[in-house]
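Lettered A, B, C, D, E and F in written order, each chain numbered from 1.
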Amino acid sequence: MITTFDMLLDEDAVFGDITSETIIPEGLDAESKVIAKEEGIVAGLNYLKENVEKIGLKVTLLKRDGDSVKRGDSVAVIEGNARKLLLIERVFLNILGRMSGIATATKRLVDRVKRVNPNVRIAATRKTLLGKLDKIAVTIGGGDPHRWSLSDHILIKDNHIALVGLEEAIKKARRSSFVRKIEVEVERVEDAFKAVDLGADIIMFDNFKPNQISEVVKLFEARGLRDRVLLEASGGISEENISDYAESGVDVISIGALTHSTRSLDFSIDTTPKRN
Amino acid sequence: MITTFDMLLDEDAVFGDITSETIIPEGLDAESKVIAKEEGIVAGLNYLKENVEKIGLKVTLLKRDGDSVKRGDSVAVIEGNARKLLLIERVFLNILGRMSGIATATKRLVDRVKRVNPNVRIAATRKTLLGKLDKIAVTIGGGDPHRWSLSDHILIKDNHIALVGLEEAIKKARRSSFVRKIEVEVERVEDAFKAVDLGADIIMFDNFKPNQISEVVKLFEARGLRDRVLLEASGGISEENISDYAESGVDVISIGALTHSTRSLDFSIDTTPKRN
Amino acid sequence: MITTFDMLLDEDAVFGDITSETIIPEGLDAESKVIAKEEGIVAGLNYLKENVEKIGLKVTLLKRDGDSVKRGDSVAVIEGNARKLLLIERVFLNILGRMSGIATATKRLVDRVKRVNPNVRIAATRKTLLGKLDKIAVTIGGGDPHRWSLSDHILIKDNHIALVGLEEAIKKARRSSFVRKIEVEVERVEDAFKAVDLGADIIMFDNFKPNQISEVVKLFEARGLRDRVLLEASGGISEENISDYAESGVDVISIGALTHSTRSLDFSIDTTPKRN
Amino acid sequence: MITTFDMLLDEDAVFGDITSETIIPEGLDAESKVIAKEEGIVAGLNYLKENVEKIGLKVTLLKRDGDSVKRGDSVAVIEGNARKLLLIERVFLNILGRMSGIATATKRLVDRVKRVNPNVRIAATRKTLLGKLDKIAVTIGGGDPHRWSLSDHILIKDNHIALVGLEEAIKKARRSSFVRKIEVEVERVEDAFKAVDLGADIIMFDNFKPNQISEVVKLFEARGLRDRVLLEASGGISEENISDYAESGVDVISIGALTHSTRSLDFSIDTTPKRN
Amino acid sequence: MITTFDMLLDEDAVFGDITSETIIPEGLDAESKVIAKEEGIVAGLNYLKENVEKIGLKVTLLKRDGDSVKRGDSVAVIEGNARKLLLIERVFLNILGRMSGIATATKRLVDRVKRVNPNVRIAATRKTLLGKLDKIAVTIGGGDPHRWSLSDHILIKDNHIALVGLEEAIKKARRSSFVRKIEVEVERVEDAFKAVDLGADIIMFDNFKPNQISEVVKLFEARGLRDRVLLEASGGISEENISDYAESGVDVISIGALTHSTRSLDFSIDTTPKRN
Amino acid sequence: MITTFDMLLDEDAVFGDITSETIIPEGLDAESKVIAKEEGIVAGLNYLKENVEKIGLKVTLLKRDGDSVKRGDSVAVIEGNARKLLLIERVFLNILGRMSGIATATKRLVDRVKRVNPNVRIAATRKTLLGKLDKIAVTIGGGDPHRWSLSDHILIKDNHIALVGLEEAIKKARRSSFVRKIEVEVERVEDAFKAVDLGADIIMFDNFKPNQISEVVKLFEARGLRDRVLLEASGGISEENISDYAESGVDVISIGALTHSTRSLDFSIDTTPKRN
């Protein structure tokens, strides 16, 4: 399997690491310590260990995916050929920083909403940059990955409805698969009820304010439909207003910013000659 | 050539776009309008046009890479088979939002430093997520891409020096290539002078404060070395202090945050049946 | 996107088609007629048209995926460079025969069970050879593709339960995703009820006889659980006994033989010089 | 080398095996026993061992490719990380069942014809689904793989002759290579003699009945040509009439059904916690 | 299909053609003339046309593969976007020069031996650098490509014989395939006769002098075996002694130097703005 | 990372090594000795060891890259499964012979010019066949690899200047990057001075005779520009006249023939059963 790590490394060293190949002796062994430069949740260590060991380096993990780290904590030690250690340094840090940044942001939101409503889920979207790795990071941070791709779950959105209408869309979807849930994005409450009648399993409320969601939840309860579907809030959600959404009684809050605009968590690598 | 776009699309539709294939008629034609949801610099349009047209859709660009956009501006129209339009929507927006976010942030910093010092360059680092595309976005925003990869420029960093020493590193580097400049990262001023004596073309000052850089620049001038090398500040630079760095007399300011922690610029796609 | 067609063609012509390149003049144009040699359901035409046109041949479809064909029917005409026509002939027929064979077998079973119970679904398994193409063929034949891969649906099978137990498995699964249904394979009725209590959405009865399934369905009705879960029969199902399963009241009947042991439908290609 | 196994596994676990990753503890070790569920010839074990060991599992083969197995026989034990064992289970069984199914059918036909004529060969065609693996399975079953691809042997078929004529085709073919035999497909006996005169090494008789083949063989003997060429019967051959073909005196009998419509041989995998 | 051209171009422009992208306006059209700088046989034009047109340039061939060219001859014109023209220039010339160099050298040897013996073949070996392209160039020059790869012809060499002996090797080979010829490399005449007795179709005489080959040919004639096998001379053959080999009565002369040490034929590309 | 070695091996054994798989017992172990057949500089051993060990063979190097070898010297021993040893033999020798041939030719030229002028560099061009491997071989031979690709250095050539003019080209190039040198190819001396004025770092003199280069060097000295730029001679350089170029005072002499028309160095492999 050619992984994202492999592809990033191939691109980064397309003609080799000319600095190290020029100045570092071929047989030199060394040791790299991976150190957190700030507080957060570490994510990506298992993935990186597996990938880095494929090229003959030894990785000892000092933290586990999902652990909290603080500034100065060592999270892993990588040992082996010095040129290889320098070769993988930047790709290693880019993935580790990205995934830990996402996990940290996810954890912060999850903690925040859990204080208000322990049953609500924080979910990612498909607004990702590293695809699968971004989703795994959300999971490590305590979030829900939502769908991996266009292939694994039916989500009928505004553009689908604009082309074929809500009713035809849901009817066709219901015939297509017994293993997949059907989710429908709505902009008006009436459409939510219509979608449920037609057999939708999940309703995504696009750009509803927290108080609008609260009202919707009450309407669903009033009609005895609250247990038949999952309700998801999406669009316009931020760290500031997420607690209000959590209080609204919704089941799932999905946030694109977790993966399209996350700040990387800062790590560095110190490489020193191998002690014998 | 298999591009990043192709790979992201393949992953996103590994077994097809099951929603559209289920509910959208096979032969239906439609039209997608790509609309900016906020103000910024648009980047990635040429790249996306070339990639999207490979699968048989027609793209008309209404803006050019580097143009300013404001909320509500249409930047492109994509026409063709409705299933294909829906298939590429998310990957299209992810790349457009990412690249435009980077270009916008770069442009803001470039504008800021140009007011203080029109000769200073804002440069990216290798702290990227989409590699080449991130670098192109920096360029569109008016920045300098720095090195593309480990293969195209010699940059001797702290970990290299820890293993073989400054002197041996630069000597070997100088023998290796006549087409590549040699850059050396230093943490102390003495090392900068030593590096220049040994033939370095560029000195990167790691984590120097603006006033420390100012002093270094004066020392270089005093020794008559100012024209022989380029001076780069790196580490600890933010939107707040970048003007101070620009005033320090340094040639290049490189900022990892441009590409490792950028906020995506928000765009959306509206798809409607084709008017005849 | 590199498709299965592309990969099969690359393998088949790794050093070119030496027969045609040796004996067919380079610029010769010709026309290939694709003809059914036996009765069945045709499947794969859209897929093949898209792939074949990528290399510069023109394909006119005379039938559509899902249509019935009888011996002698022309299903498509391919026009263009004679060497290219001969190059793709075998891969074209292999995929067309395979997919049509699967669609034909699926349709036959679907028709059979519909006479007994119009609500039952015939589903494929992951016992495939051409992966996605096999599943698409099942769909064209009126069946349900079940899960595409290990990534899109949670199915807890005997080997999972042997390792961690039914209860732990379902509990963890329920926490993992709100968009995915949870299916559990059981060998005993008690486990089915336990699984439903724990939150399973679908129960797969492994190697149950039709009368055993009937009893299970009655027990589910008796306990008021019939509407809360989907029931699937799997294992030991054949053309002979499938009507009995359909009568049992089960929702889904899945059959590996549809894709692991299907007979290809016979097609041939006649290539003649292009008439001007 | 990226093998068919790798590609099938990548597709099957594009975003990982979500069931196992959710419910099986990360460090758990286990053991999988691969068991034959019916009688036949096992094939694919060497190939699978090599591929499975690449991802860090240990495979002990209890049978060898070509061995007979009966219901209940263990053919291999795979040990290692439980998640990995569950990850590869289906792809492993799909390839093993496919290859063993082909080897079993080949062996049955080979045994049948050998009783009648020990010198006749049973050969595959290019009507394959897994390409090389199907051909290897035919070989393990005692058959002849025929040509691997369009690149390794010259076979002039009806469509070639329709475009350029028999004579020109064979003349050009003879000039092209001294290492490749030239085979010509004919529908009439006169063409066979003409082909031999022009230098064909092998004649393939398309859709000739056994008694027609017998007559042809006699004519070849009468003209003193029997030792100069190999004669192959192809088309319309089945388990029922294959002995008649073997008696006809032909050298080779090729059968597409061996690879385009084979029944998989049934195997299962039992996974249990590792005994210490 | 990802061709050698594609791979070389991808490597050469991994992050784009930074010179052209920097200095050539994006929409500029231009025209490149491909000109021979010395006399020889041109080869690779068809291959290059097909590959270059895939990226949207138009190629007009002024010569055909196999034509003689002299210094100053234009062999092709390529039109289109100026950046693309400059992008492909070096890869285009590398392949054209390589293939034409091989074709020219082959043609020279073929002409030389034909004067002495019109029936002898000049064949390539597997000592290639660009694999298939080198073989195609040999064919264009009038030579025989010999085997494409390890997969298409059985050639029993010294190292095989050292491991299992001549007799076992040939016996097993004869059982393996009816479509493949069996070639055996020998260092002594006795082994040649033994190999023929065992059923070899081609004998390769390794490092035999021309007069030794002549004697061998006579011995084969004396034993009445001359028509049963093809005789190939290999090893130690050069432009100087090749006529002697041609006179020896051998069927095939194979020469590694054609493809492992060929001089490229010199071509250049002149690019000018598009005339309207 | 899929290397050139992997790709060549995949192509060479697309359906396996049919000779060895047919005649060599599966479990047989053997030993291959790699022997130089002529005098030269060996190159490629590290690369080959790393690639060959990936498939489970053990390589012991008896020489190091850059060492001199004479006829009969063993350079490496490879041990392991006999089929694998035979599988990689030809690809191993092709790469070793190619790289050693280039290193040998480079070393010869380097030695020659060093006698005249120890400061001059011999550089490769992009007229390569195996890309990166050719460049590495030049480096091992003591040469300079010049640019790896179109992405890592700005080289403004005749075709660029024909399209946009010298001045615009250099101005744009200077703005594009602070890490890349700018090289300009000139055909007239005036252009060299113009280029230097505009900021070029390296001037490439195309097809200048040695005495013309000498005069240019004097003019540069007279104008006080000699230390500001590197001067490169390119075009029309051969083993015969290279000493004259070295005497001319130029900094770099680049020669395409090193990589487009090199003679491979001859090596052979002897494989014998493993001694216990």
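One rule holds for everything that comes next: a residue touches a chain if its C-beta (ideal position, glycine included) is under 8 Å from a C-beta of that chain, and two chains touch if they have at least 3 such contacts.
This structure is a prediction, so every number in the text was calculated from the model and none was measured.
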Contacts common to subunit D and subunit F (chain labels): A, B, C, E
Chain whose Cα centroid lies at the greatest distance from that of subunit C: F
Listed chain pair E-F, B-D or A-F that repeats interface D-F [over half of contact pairs the same by residue number]: A-F
Classification of the subunit A:subunit D interface as same or different, half of numbers criterion: different
Between subunit E and subunit C, distance of the C-alpha-averaged centres to the nearest whole Å: 45
Averaged-CA centre spacing for the pair subunit E and subunit D, given as whole angstrom: 32
Whole-Å gap separating subunit C and subunit F, where each centre is the average of the chain's CA atoms: 52
For subunit A paired with subunit B, centre-to-centre distance based on mean C-alpha positions, whole Å: 23
Multi-partner residues of subunit D (at least 2 other chains): 2, 11, 14-16, 132, 148-149, 151-153, 176-177, 180
Chain-level touch network, classified as line, ring, star, complete or other: complete
Subunit E partner contacts - residues on subunit A that touch it in the complex: 11, 14
Residues of subunit E that touch subunit C when the two form their complex: 1-2, 46, 132, 135, 148-149, 152
Residue ranges of subunit A in contact with subunit C within the complex: 121, 123, 139, 144-148, 151-153, 176-181, 183, 202, 230, 232, 251-252
Touching residues (chain side subunit F, partner subunit D) in the complex: 2, 6, 9-10, 14-16, 26
Residues on subunit C engaged by subunit D in the complex (per definition of touch): 7-8, 11-20, 22-25, 28, 30, 32, 82, 86-87, 89-90, 93-94, 97-98, 101, 126-132, 149-157, 159-160, 162-164, 168-169, 172-173, 176-177, 180, 260-264, 269-273
